[in-house]
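Here the structure is laid out as structure tokens; the discussion comes afterwards.
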Amino acid sequence: MQLSVRFFALYRERAGCGLASVEVSDGATVADLVGAVRQRFPRLAPPEVQIVVAVNQEYAEPDTVLREGDEICLIPPVSGG
Amino acid sequence: MQLSVRFFALYRERAGCGLASVEVSDGATVADLVGAVRQRFPRLAPPEVQIVVAVNQEYAEPDTVLREGDEICLIPPVSGG
Amino acid sequence: MIEITHQPLNPEEITDRVRRDANGAVVTFLGTTRDFSEGKRVIHLEYEAYEDMAYKKLEEIRQELRVEFGVEDVAIAHRIGPVDIGHISLVVAVASPHRKEAFLACHEAVNRLKQIVPIWKKEVFEGGAHWVACEDHEFAARESGLQPADG
Amino acid sequence: MIEITHQPLNPEEITDRVRRDANGAVVTFLGTTRDFSEGKRVIHLEYEAYEDMAYKKLEEIRQELRVEFGVEDVAIAHRIGPVDIGHISLVVAVASPHRKEAFLACHEAVNRLKQIVPIWKKEVFEGGAHWVACEDHEFAARESGLQPADG
């Protein structure tokens, strides 16, 4: 399935775009998606840095299963205030 | 010696005035002064309530010795803010 | 800046006095007069100060905050005289580079003010009035058959 | 009231939203942009938000404050986009009948905001820029020979 992935801040700049369509197999998890995104955007973050993902505006665990139409966003370390 | 004593808030209302001249012997302490003030204004506070005194704008102990010209004020429990 | 005044307080102006480009955090406390006190409707409030000593004690608090929390930028303003319900009687503004010190110092400033600064609040209810924090005196006075001088 | 806006923030207006006659204490936090960060002069700042989720997380914080501190009156406003040095990026106002809850809830609101709300700050220095709190990423990136996409 095709998933739309949003990037903000550091990730947006590293990816060079704010939104990308990423292909994963049906039943893919957050961890699978992150793997696919890293492959497509190798400059995003070094391998030892964990990438936090929000699914439908809620922080998600690596084993969360994704579904078509999910709102997915990669969240770099936040620094509001 | 004659000492000028100031009253505020509850004590001002109970004394019926904001300033009184009180006679104490030379070498009198804060405790002596409070005794003289209580005698003059028996409605000020019941005997079991301790009266706090400021001498020259600083909280004073009962055994502080007073001198002519000291700025003396009786301080009811504060409640600013 | 420390101020005791009969005029209405302007929190924005007082807060602006502590803002500087080196400070990332500003904490402002407003003390406002409440409509109910211990279940009774307050219709009016009145503050009284022993002004010279109050200034001295507020300055003392400011020095203590400097030593204990390292905060340089502190403004305290207290209104005295009659203050209507819902209006501001106290403004304490503290600014510092980081937020933790600003929060702790501002909270502590208000706590100490209420303990040591010679300012008094009188609450006027329907059919009565009392000086806040003087309950022991009042109670003891009633017990011993004495009446407050103000009825 | 929760707001994420490109417009300058008006702390007095935001504070007024939490004032009520039953509240005796109002604590307002202002986050302001600092001129120096880790010893380097900042010439410009830029905030970015994942707005929909940020609103959701701010509302979550407001609910938590209600449960944990019993405070009903909370306003949070965050400015995004470019913010000049010394200007206000964040206002959190909490009012409650007594001061302790207002201080603790306001402090906690700011702490949680900085942990979970998807808003990011970029500091622009002479000859460089970085996203705050992304130091690990940056460091790791430099070590592995990667360069930030923005140079």
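So that you can tell them apart, the chains are marked A, B, C and D in the order they are listed, and the count of residues begins at 1 in each.
Definition applied: a contact is a pair of C-beta atoms (placed from the backbone, for glycine too) under 8 Å apart; a residue touches a chain by one contact, two chains touch by 3 or more.
Keep in mind it's a predicted model, so treat the numbers as computed, not measured.
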Those chains which touch chain C and also touch chain A: D
Far-end chain from chain B, centres as C-alpha averages: A
Distance between the centres, which are taken as Cα means, of chain D and chain A, whole angstrom: 24
Centroid distance [mean C-alpha coordinates] between chain D and chain C, Å: 28
Rounded Å distance between chain B and chain D, as computed from the means of their C-alpha atoms: 51
Sequence positions of chain B contacting 2 or more other chains: none
For chain D, residues that touch 2 or more chains besides their own: 31, 110
Category of the chain touch graph - line, ring, star, complete, other: line
Chain-to-chain touches, reported pairwise for every pair that qualifies: A-D, B-C, C-D
Footprint of chain C on chain B - complex, ascending: 6, 8-10, 12-16, 43, 45-46, 48-49, 54, 57-59, 73, 75-81
Contacting residues of chain D [partner chain C, same complex]: 11-12, 15, 19-36, 85-86, 97, 99-100, 102-103, 106-107, 110
Chain B-touching residues of chain C, taken from the complex the two chains share: 31, 47-50, 52-54, 56, 78, 89-90, 110, 113-122, 131-134, 136-137, 140-141, 143-144, 146-150
